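One structure is given below, encoded as structure tokens.
Labels A, B, C, D and E are assigned to the chains in the order they are written; within every chain, residues are numbered from 1.
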Amino acid sequence: MLTATDLTCRFGPRTAVDRVSFALDRPMFLGVIGRSGAGKSTLLRMLNRLTDATSGEVQFKGTDILRLTGRAKRDWQGRCAMIFQQFNLVPRLDVASNVLHGTLSRRSTLATMFNLWPETDIARALDILDRLGIADQAPKRAEALSGGQQQRVAIARALMQDPAIILADEPIASLDPMNAQLVMDTLRRIHDEDGRTVIANLHTLDTARRYCDRVIGMRDGRVVFDGTPDQLTTGAAREIYGADASFSEKATSTTLDGLPPDTAYASTMLET
Amino acid sequence: MADAALVADVTARFRRTRLLALAVPVAILAYLAYAFVAFDVASLAQRARWDNAQVLLSDFWSYKTHVTRDNRSDKLTVAIEGEAKGTYAPGQLPDWVTVQGDVATIDLGQGHVVTYFPGGARYDVPGYGAIEITEEGGRPVLTAPEPLPDWISVSDNRISVTTSAGRFSYSRSKVETFRYQPGWELFFFTLDSPFHGKSPAELAALALWEPRIDPVRSNLELMANAVWGNKMWHHADVAGAIFETILMAFLGTFAGALVALPLAFFAAANTTPSRVLRFGIRRLFDFVRGVDALIFTILLSRAFGPGPLTGALAMLVTDMGGFGKTFSEALENIDEKQVEGIRSTGANALQRARFGVIPQIVPILMSQVLYAFESNVRSATVIGAIVGGGIGLLLTQAIITQKDWEEVAYYITLIVLMVMVMDSLSGWLRRRLIKGNPEGGHAGGH
Amino acid sequence: MVDIAFGPNEGPRPDPSSRHGAYMALVRRRRLYGAILLVIFLALMVSGFRLADARNAGGFWEGLPMLGAFPAELFSEAWRDRANLPGLLWQFLPSLVETVNIALVATLIGSLAGALLALLSTTGLAPWPRLVWPFRRLMDICRAIPEIVIALVLIYILGGGPVPAVIAIAIHIAGALGKLFSEAAENADRKPVEGLASVGATWGQRMWLGVIPQVAPNWLSYTLLRLEISVRASAILGFVGEGGIGHDLKIAMQWGQGRYDEVAAIFLLLFLTIVVIDQISGALRQRIVKGAHHG
Amino acid sequence: QEIKEFNIGILGGENAQDRMTSNECYRAKIEEALGVPVKVFTPADYDGVIQGLLGGTLDMAWLGASAYAKIYLTDPNAVSLALTKQNADGSTGYYSIGFARKDSGITALEDAKGKVFAFAEPNSTSGYLVPAAELQAKYGKLEDYFAEVKFSGGHEQTIVGVANGDFAAGVSWADGLGNWEDGYNSGAFRKAADAGLVEMNDLVEIWRSALIPEGPMVVRAALPADVQEKVIQITADLWETDPECAYGVAAGEAKDFVPVTQEAYTGIIAARKLQEGM
Amino acid sequence: MLTATDLTCRFGPRTAVDRVSFALDRPMFLGVIGRSGAGKSTLLRMLNRLTDATSGEVQFKGTDILRLTGRAKRDWQGRCAMIFQQFNLVPRLDVASNVLHGTLSRRSTLATMFNLWPETDIARALDILDRLGIADQAPKRAEALSGGQQQRVAIARALMQDPAIILADEPIASLDPMNAQLVMDTLRRIHDEDGRTVIANLHTLDTARRYCDRVIGMRDGRVVFDGTPDQLTTGAAREIYGADASFSEKATSTTLDGLPPDTAYASTMLET
């Protein structure tokens, strides 16, 4: 379904992503881990066509998405939603508008200038916000929301795109543990229920283990690990992080030990 | 399903913003339509005279040579732009003017030839025929193929012909032919210079190894002097004027910024709680902006007389109002967190301003000040005209005298170049300030 | 982000003594550069002032006490003829209205063009990065060519009237605002723009939704400042023979004694206009920054 | 009473160009005679010179007639009149000339009644002040006499405007020497015709003002008498001692610099006073 | 030593801090907990004189610091350092300058205007940065640092003030668990070794329990709990947070279970 072959990105002398290849044969929840500067963000940005790859190719259902330009490229971006660590919302616009931005690739520029959103889209945006439990924030400016709320708005925008793939770049790095769990649960449910592929960069191993179907470990731009969460032993992690024996993964844990996944909450959230 | 009331509320909100989004452009369009009618733009297209534009614009990049014969004294002069300084010496006429006895032949190119002969003149226009003028009883009489085209204008005392090759006119007192040629003639060497009319190769040879023309000085020095002291283009004066402009703009702009900066603190809501003081300072800025540069310049001229200092002071005062406004707005936009951080250490007001505020507004300040500097350099026409200095004065004069459009073009070119240099300079400075200096300023990679 | 290098166990502890030496050297170097820059700047200012003073007809210090002479002359006459003021205000009002109209149309057109030019020439936002340089130079040219020259050429084509003035002012404004707008846009946060790019928004949509809302307060205040300047601009409107309030002021001012009451009246009108524009600017900025009336 | 420096202001009237260089010789002569540094200022806008004289920072100036009138009306004792320029034909002035398109059928000012009439700009001596005063004296209120009185913005604009038919008639200036069809020997018509902007065959002269005097050279009244005398003497002798320099100072061909008195300018001053209330 | 009596702060109709009284008889590590909007920040800001109290008084060694004005008030601020959640550094200035700002209340205005810091101060600033492990960042701009590093710069600025009291407003809220531990350890060592009073607003109970000598719980501006960490039971926490029985404090835990406090590191850090 999605196949990356020798994907490479160079910034001047520096190779941020170095001949990365992987193939997903069915929709899955893919985690990408690796330490700061490993090239995780760059990889996702290339998939979304925010950064141009230096070489390599990415096949999605038969088309090489790296060759797309103009209209076709924007269509692809419309089908491949990105969730940023810093949310990347428009802070001065209200939450509902931010969610509606998810439909931009389908709207004409003129219509957006005059704020001409179809009422059905508005209703859908509100439904999605409602699923994520923040419908009552809809009229507020995005900048007035807390971090966890903003991240959920970003997810709502991604869902509004009705994407085939969701790329999430460290979606929980700036959230407190409670909000982090909420967001990861949401992403997992989106994968489980809608069958969408989710690719998430994660900083923490236990999150990767808990939520992912498959984990890719990157180091210095290269894939150094590719396997199931079970295979992600401490030894493998040391290899990925290039750490010595004193490394304790607990140091970066955000686990909510003992707390079972809050399925009750997640299901209220996702039923529409 | 989302709460129905909420849906209704949000949808209503969107309707309102949509209405606003539509109303603003509609209002603007309506206003422009009103202006369109009020300014009578519709009939403008018919009134437009593109030929005039042609004449005027061609003067920007071309020059004309007057070949004039005084009909009373029969004296022939060939002069660039008809100026005394551009008059060819009788023995050194350009190659397209030939004189044989009483007959002068002027080759305008493209087959157009004008001949002056005693008691008359003839203009051979290819594809039309010969226009012959003879003087009878003190009046010029025309013989030309009928019907007369509209580019020949005839009256009792004067006949004129305008073609693509040049202009020709015959009146009782004189006969004149204008030949237009592209370029800024005599830009480097005037006619009386030994270097006039030499090709670049010849000039290089002269400068490098040929014997000295003036035994006292090297040829290169002579050449430099000839260019510098060019009587048509006054390069030395222009350079002096540019220097004076930059001097005035530099003093005026930076001193204005230095005066406006502390005042701006008293005009910003977040640095001055007193409404009365703020109101007063703001109105002071408005007042200064309201008083035109012209008034300030006249006022200052009374005290200091004409000269660059008066110009600089006038710029200082006029910029102060604009700076005060933009600086105080920049101050109102600052991030309060940093100021609070400084405040929490027990810093006094000046220290808070120095460390909490100034670093934040420096990029805006810089861009405003550099822009004003540039703007003062380019547009000090009003001030320059009154205080008698700078490129603004030269430009005003060239425009007032209306004759030398190529000079206007020359000054504009210089100004454009100056603006470009300053734009690049300001961009470079801003990048340094915003992104930090290379030594240890780069963002840590994460 | 976890910095392993500075974590509890990892990373070498730097040797303090050598660090200090290096940083002290850096501080000294920076101080030296700072001092040199300051000295150069001050030297330029002082020598520039002295040069200008020497070239001036009157000296700065001798002239200073005379500063009040002209205003005194103006105000005493204006005060003497204060009875004329209401009539004069009324007389110049139509001129003000017409000037405001011309300035407004020119500012509208110019600022729209300037906004477009600015977005096209801002590194990082431009849709065609290769064309940034030509667009920047185009803006330089637009604002460097004096309005009077443009107006004059246009007058010969179009005849007198407001239109040449409007075009000349608008061209100038497009160049001037283009530069200022672009510098404001350069400072704008790129995160929202990137967020919009990731959903497949077109360039126009990215600019409209991602950049404009951020820069609107700044752009607005620059535009209104331009409007003010255009209202006062006397030279161009004088050249096109259309008059205008700025030109009336110039005429009255240059006439000198006998018309200082007119000067006072026109100035009052201009001042009020500027206060109004300043207040509008403040109110609109406030609205954009703080939000209209969100719950 | 000693002077420490001597400042000259020069206004070239309506056809000034490259004035800084052409006055250098003049400056040097005065500097030599007075023994103090001499500076020359050549603003294009007459207020620079006027304010300089009124404020006492300029010691001597060549003015336009109208500028002199303004100084005189502001402070009659500020400056004393010295010399003026005598033209090659012996006259000491130029004219404001009314004109119209030949095909409009207007041949005299009376024909222009009820039509659109253009002046240059309100501060121009020959483009407004003098003609307006004279016409008003003869025909009454001009707004009523003509359909509309407009300001074109400048002499060239008036000429082009009339030639284009934007105005039925207008005024501009010329020296009145030579032939109309050439645009006279010098003046705004000549420049417009030489530039090819108008065809003089298409225009006719319909009116001519009284002689407008050339501007005077004035010296600041408060200067020591010997300084005043020295400077005036140098200038009065200039055509005899150094014609090339005099050509530069006069901004063109002239015959001599001759003494001038207040009478020459009474007309202008009266015209200015008349306009004051308008 | 430090005694607050009936400290109250009103913003219009809203009472942010309501008759808060407490007394510290010796330097200690005081934690303030309470949910968002409880008035924790306002309390600290009043102590630092950033916000003016509506009524009440605060005695410190015999002077009522709320009555101080001008020079005396700035002296007090110099002795009472504040560490902000958002660091509140000057991002465009380099790290060392930011630290040197801590001496502003003692330096003459003129000298500081020209950035003329005594070399001994610079050396001390570098020493402090060194103690906190970020000496080599000294020439960088503050904005170029990661969050954890910036927070340490803020602490360095506070230490530079050589304060009697350090007020820390949610010093670890925007930090990842590892940096959070680092910062809390540092604050604790500063208290232990220099004997300075530290008052820290905290969002998380386990942090309060682990580091504080005494904990104050606030709710709606009022003190609803005041005791030792041991007394802070789940029941007490429910009371403070006004939560119902479903509240599990684990949800907001940032604990680094199993990792012993890194005394070795902390001691290298703090010896000078």
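Everything that follows uses one rule, which is that a contact is a pair of C-beta atoms (placed from the backbone, for glycine too) under 8 Å apart; a residue touches a chain by one contact, two chains touch by 3 or more.
Keep in mind it's a predicted model, so treat the numbers as computed, not measured.
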Seminar exercise, completed: Moving step by step through touching chains, the smallest count that connects subunit C to subunit E is 1
Exercise. Counting contact pairs per chain pair, which pair wins?
Worked result: B-C
For this session: Using mean Cα positions, find the chain sitting nearest the overall protein centre.
Result: C
For this session: Starting from the mean Cα coordinates of subunit A and subunit B, work out the distance between those two points in Å.
Result: 55
For this session: Could you put a whole-Å number on the gap between the CA centroids of subunit B and subunit C?
Result: 19
Problem set entry | Centre distance in Å when subunit C and subunit D are each reduced to the mean of their C-alpha atoms | 38
Seminar exercise, completed: Whole-Å distance, C-alpha centre of subunit D to that of subunit E, is 79
Seminar exercise, completed: Multi-chain touching residues of subunit C, meaning two or more other chains, are 1-3, 7, 9, 26, 55-58, 63, 66, 69-70, 156, 159, 253-254
Seminar exercise, completed: Residues of subunit E that touch at least two other chains are 139, 146, 149, 176, 178
For this session: Note the residues in subunit B that touch 2 or more other chains, in rising order.
Result: 47, 49, 52, 55-56, 298, 302-307, 382, 439-440, 446
Problem set entry | In the complex, subunit B residues that touch subunit D | 47, 49, 52, 55-56, 59, 66, 82, 153-155, 157-158, 160, 162, 167, 171-174, 178, 231, 234, 237, 297-298, 301-307, 382, 384-388, 393, 396-398, 400-404
Problem set entry | Interface residues, subunit B side, partner subunit E - complex | 337-338, 340-348, 350-351, 354-356, 359-360, 362, 436, 439-444, 446
Problem set entry | Complex interface listing, subunit A residues touching subunit C | 35-36, 48, 50, 73-78, 81-82, 84, 86-94, 97, 101-102, 104-105, 107, 109, 112-113, 139-141, 144, 154, 157, 161, 173, 203, 241, 243, 246, 251-252
For this session: Sort out for me which residues of subunit B touch subunit C in the complex.
Result: 28, 31-32, 35, 38-41, 44, 47-50, 52-53, 55-57, 244, 247-248, 250-251, 254-255, 282-283, 286-287, 289-292, 294-295, 298-300, 302-312, 322, 325-326, 329, 333, 363, 367, 371, 375, 378-379, 381-382, 389, 395, 399, 408, 412, 415-416, 418-420, 423, 430, 434, 439-440, 446
Exercise. What residues on subunit B touch subunit A, complex-wise?
Worked result: 1-3, 6-7, 9-11, 13-14, 17-18, 21-22, 25, 445-446
